[in-house]
Amino acid sequence: MAAFQSKELRRSYGFDEVAIVPGDTTTNPDQTNIDLKIDSLTFSIPIIASAMDAVTDVNSAILMSKLGGLGVLNLEGVQTRYSNPQEVLAEITRAPESKVTPLLQKVYSQPIKENLVGERVESIKKAGAVCAVAAAPANTKRLAPLAAEAGADVLFVQSTVTSARHISKSYRGLIFEELVKSLSIPVVVGNCVSYSACLELMRTGISGVLVGVGPGAACTTREVLGVGVPQITATIDCAAARDAYQRDSGRYIPIITDGGFRKGGDICKAFAAGTDAVMVGSVFAQAKEAPGAGYHWGMSHPHPALPRGTRIKVGTTGTLEQILFGPTSVTDGSQNLIGALRTAMGVCGVSNIREMHQVEMVIAPAITTEGKSWQLASP
Amino acid sequence: MAAFQSKELRRSYGFDEVAIVPGDTTTNPDQTNIDLKIDSLTFSIPIIASAMDAVTDVNSAILMSKLGGLGVLNLEGVQTRYSNPQEVLAEITRAPESKVTPLLQKVYSQPIKENLVGERVESIKKAGAVCAVAAAPANTKRLAPLAAEAGADVLFVQSTVTSARHISKSYRGLIFEELVKSLSIPVVVGNCVSYSACLELMRTGISGVLVGVGPGAACTTREVLGVGVPQITATIDCAAARDAYQRDSGRYIPIITDGGFRKGGDICKAFAAGTDAVMVGSVFAQAKEAPGAGYHWGMSHPHPALPRGTRIKVGTTGTLEQILFGPTSVTDGSQNLIGALRTAMGVCGVSNIREMHQVEMVIAPAITTEGKSWQLASP
Amino acid sequence: MAAFQSKELRRSYGFDEVAIVPGDTTTNPDQTNIDLKIDSLTFSIPIIASAMDAVTDVNSAILMSKLGGLGVLNLEGVQTRYSNPQEVLAEITRAPESKVTPLLQKVYSQPIKENLVGERVESIKKAGAVCAVAAAPANTKRLAPLAAEAGADVLFVQSTVTSARHISKSYRGLIFEELVKSLSIPVVVGNCVSYSACLELMRTGISGVLVGVGPGAACTTREVLGVGVPQITATIDCAAARDAYQRDSGRYIPIITDGGFRKGGDICKAFAAGTDAVMVGSVFAQAKEAPGAGYHWGMSHPHPALPRGTRIKVGTTGTLEQILFGPTSVTDGSQNLIGALRTAMGVCGVSNIREMHQVEMVIAPAITTEGKSWQLASP
Amino acid sequence: MAAFQSKELRRSYGFDEVAIVPGDTTTNPDQTNIDLKIDSLTFSIPIIASAMDAVTDVNSAILMSKLGGLGVLNLEGVQTRYSNPQEVLAEITRAPESKVTPLLQKVYSQPIKENLVGERVESIKKAGAVCAVAAAPANTKRLAPLAAEAGADVLFVQSTVTSARHISKSYRGLIFEELVKSLSIPVVVGNCVSYSACLELMRTGISGVLVGVGPGAACTTREVLGVGVPQITATIDCAAARDAYQRDSGRYIPIITDGGFRKGGDICKAFAAGTDAVMVGSVFAQAKEAPGAGYHWGMSHPHPALPRGTRIKVGTTGTLEQILFGPTSVTDGSQNLIGALRTAMGVCGVSNIREMHQVEMVIAPAITTEGKSWQLASP
């Protein structure tokens, strides 16, 4: 109708707006293979715990590894700023609502202690676990070698938005081609949400890409900056980049959808959209073993002038093992995430993650409280 | 806009998003024919009560049959696990909210007593009623012959998602072609939601297909697994499969839209979308004669590791006869379902169900409380 | 994506989903002409009060006429069933919530007294007002001649859905071609919502068409029957039928969008969608002079077996004159409907209703409480 | 599907429905240039405070100018109707809810005192600030020369909808070509929302166009008149007009998106949609220095017969400087608007506003309370 040329907008979709269509065949859930490979590392479950202080510390990283997944220790959180992180964590979880943001701003303005980087990595390795660490691009050149030297197995370079080319007049940005060559361990980079940004990152020689800007429960990036792409579309687009890159280069670089998951169904949908793994924050902050003790916060965004994270109460619902594997008596999909994934694969008739990428999804109206909760609609 | 190839998503629709367009002619409601035929059985109303423990027991199955419809007795529920099901039902409905899921897990872990299968069927037949029974695919080979032998008239093979080909290394799945040949009674199979899955099921020689994954009020499949297709689209697609199969084979296999109905309007829309019958759960759980005594639960999903059903309070609103035929003084569409269907057919100017399949529907915004409830919007 | 043929659904729109685009020129509101012509009758404002017992009685019909519009007296309501309608109205408005539907069912089961038809018409005519009356198709042959003889100026034949051809084996339906020829007064018929149904009605020789099925505040047709088309789409489609009929026949038959209006903006949108007049219920039930005394109910749907109307509390907000012309100090658009229409026409740069039909509208997200009500979103 | 010709509706979008896609490169926020030029005036930040009594008085206009932006003094508000505006402001903010609209109707019916026009302008100029004033078209010929003579730097001619050609039989409308020639200062005109209306306004020789009808928090135009276009679409369309006009004429006329902003993200999106500046009301009414003292109202719409504005409580959240530049500890995006804009530009990899116009946006589901607020969704 518009007879003039104007900016066009593409429709994007989040978890709540899509649903997986069951297959024409079905398979047994226990015959599904859900392995995740990052470079030469293989994990028996494709679930990674976020590099957030309320989710991953040394203990929970060890536990995640033993359960077949991976926990990522943030090298810029309380674990490396404080020799006694427990005390700081307790201070954060006990603070009254009105004082949390200033407290987080203060806590995260303490300098990182370089000696703690090695100490934390060694504690994880000593337990026989796979050790993953995370740093922001600006601190990677300084912190990554320390972690690698101490035995870290994989490095996550992560900020709200990370691109292959950062333009700055004041300093020379991180060059991923150089980083990859200088380190002997695989490098996973993120976050990004578009086909072209993901493709450019893959071309730098990295070993994985984190997908997702703005979806997390403890993140207000979309409100504050207006920036973000819902996770289903972000995953579909980055999966297309991965497949295009594989066609061109022969290399298969896994993508990891990061953030916004609230229940098993969301995770299943991310795989159906094309992801190779999921990075989970809030749901793991609910684990009995989580350092956040029932709270969760976006510790990567306590920006002194423009904070974009907030502390939220998530409660404690079960052990990490229950959340991953059940058994459970909750019926809302927040526990037995792996059981849910395998069962969804079964009703779709697929036996591995690559096949799961091909299942059909439909755009479906969100299930509203009004639509499902009979008690509210009925006498 | 996207210049790359990526996964496409089709839009799907649920009951609340569509509305029926009245016709260019109108007819008298009392001149409409709404017969349902399953194989050689004919029912005067196309409404079937769900194979759920809160909905159908021996008594309500008899009553449904006398009223012209059909109630399906679940062969894996309390009726066949307990010789005194009333006591177990009372235990479930009296349990406090927090203890329901573990209780359901315990109740449904009791073994099925094969002798009770025949007893229940005989009780229904003795009353002169048509007897329908349901079993999951895994138990069908064992239970179906017992029920058929005792006189059951029709068998429903039903699980969350059932396909024509189940792939398993550990056991040989149910082959519908063989089942149909081995039994002398018609077999109705489900559930499925897509054109191709429905078509494959019809080609096995069965006599009916149940349509619907994830829509029921007592079901959390979509939250837990991310799997499901809204009922209007599922019905439209499966109706297309039925019509394609009829063109190819000459056989007309009825489809039965199962679950998600909350009021008469939903049922009318399912017929306009192409269904031949509807299977109703929650609304019948509200009947005075319902075994659930004002409660409803998804007894087919008390999975020990990954439960996907929950007990909900639905209340008791009237007799089964009132719910089906009125008269009523409720104005929300939860009673006189048959009157509603005939009246809708009248304003569409159609005189039978096949004609009702052809009426026009529009995608219409859901009627919100804000939009309709004047009291809330006004001083 | 769907490779098979299946039923298609067209998107439809209601008031809350569209907005009028201002014009490239603007005009003075007081220079707009908003006359409505029905056959040889001309009204200075294109607003008609519904044929509902809570809205129109003899007094309010007289008042509407004096204010330049039209009130339609229902010949099947309390005014013709009771010689003392005030008492019955009082009984309805005083009944407790739980007893309203049975009471309405009882009240409207009393027979219509034919002598009261003439009496009511004469009372309206005696006051010098234009007199409009309404009857359902089934009673038209009996009641219309009585009203016409007593001096009624225009007849509305109205039911939930009325078509040009009603198919019945038990009786001979109302033939509009015959009705129009047998009466000397113009006949307005409704309700309908589609292009083809509207076109067929116009071809019978009638003088106006009522547009709208299911949108009214006191109506639950869409919930109960699933039938209805949102008013913007219904109006656009019927306006297309009117224009097509005018091209073919040279006759311009006005359409009247009936029901669902909550504020001035809704009325402006109906004209932008193509209507020639609006029929208003709930908003006029809020008038000081309304017979409903702060309540409104769908007296045409107290069906004994399948009621589709309910009594709602609307309150009393001002005089009929204020609601139509202001002045007012309410800012929600529920008063000064004519001022709103003229102002909207002014910002669109149009000077009459036919030009208003041509203004651009966009599909716009509904304004939610969250979006507009700062108090709720802010500390 | 519709086989007939009928009115078509174009989809439009508001702030909550879109999101910005991060870029393939990133830049340093502190290297972004966000200058705004209106004719020969240059502002270091592209944010303008609304010409509303709760937002801009002499003091806040001076402060906005010192902070690099612009505050617009309304020449038809309390500042020019009363020699003691503080008293009147206090009366408005103290009035009980039920009496506000009549009070506003009374307050704004007082005549404008011409001598106060010059006095207010001089007070602003005396402080060394850039002075902008606003008048409605009807009063522009009388008030604009007084303000220009007193030293005003820029004139805003603003009403709900302003077009290049106002058609009236009773008086000769304002001709912008003549106004521009008669005044020595730049003229900014609004509001408009469509491509063609914006293009026509630009062709009159004016220096800026205000974009937006109906979006403001204190405005009920869309409810009352049904008129309005959501701000993202309005901005995209008017930006297309600006670019077309530049191609034709060589002149670049900035557009200013006016109203509806609730947080930094909204502002970022307006720039991504193509605006050159934003005019902010409610958010600035929350400043400690705001004349509204925690309240906001649409003082341009206290129409005596058809009011379309209402007083809302917005609270006081920080100083104007904090709202513009931080630092802050609120995480909802209502403070440090400039920091948010620069950060969004950084993650998009753009270094000036013209480049920001080119970034990709997607249509994204609104972030609902349900979707983000973990506390509500979880035990």
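By written order: A, B, C and D. Residues from 1 in each chain.
Everything that follows uses one rule, which is that a contact is a pair of C-beta atoms (placed from the backbone, for glycine too) under 8 Å apart; a residue touches a chain by one contact, two chains touch by 3 or more.
On a predicted model such as this, the values are computed, not experimentally measured, just so you know.
Engineer: What chains do chain C and chain D have as common neighbours?
Structural biologist: Joint contacts: the list comes back empty.
Engineer: Counting shared numbers against all numbers at the contact of chain A and chain B, is it over half, same, or under half, different?
Structural biologist: Different, since most residue numbers here occur in only one copy.
Engineer: Once the Cα atoms of chain A and chain D are superposed, what angle does the rotation have, between 0 and 180 degrees and to the nearest 5?
Structural biologist: To bring chain A onto chain D, one rotates by 90 degrees.
Engineer: Taking the mean of the CA coordinates per chain, how far is chain A from chain B in Å?
Structural biologist: About 39 Å separates the centre of chain A from that of chain B.
Engineer: Hey, how far is the Cα centre of chain B from the one of chain D, in Å?
Structural biologist: Inter-chain centre distance comes to 55 Å.
Engineer: Give me the residue numbers in chain B that touch at least two other chains, ranges are fine.
Structural biologist: Those would be 10, 13.
Engineer: Treating touching as the only link between chains, describe the layout with one word: line, ring, star, complete or other.
Structural biologist: ring
Engineer: Looking at the whole structure, which two-chain pairs count as touching?
Structural biologist: The complete list of chain pairs in contact reads A-B, A-D, B-C, C-D.
Engineer: Which residues, counting only chain B, touch chain C once they are in their complex?
Structural biologist: Touching chain C: residues 8, 10, 13, 15, 18-28, 30-31, 195, 232, 236-237, 239-241, 244, 263-269, 272-274, 325-333, 336, 339-340, 343-344, 347-349, 351, 360-365, 367, 370-375, 377-379 of chain B.
Engineer: For a test of understanding, state which residues of chain A touch chain D in their complex under the given definition.
Structural biologist: 1-2, 4-7, 9-14, 16-17, 101-102, 105, 160-170, 192-194, 196-197, 200, 213-214, 217-218, 220, 222-230, 233, 262, 282, 286, 296, 304-310, 312-315, 317, 334, 369
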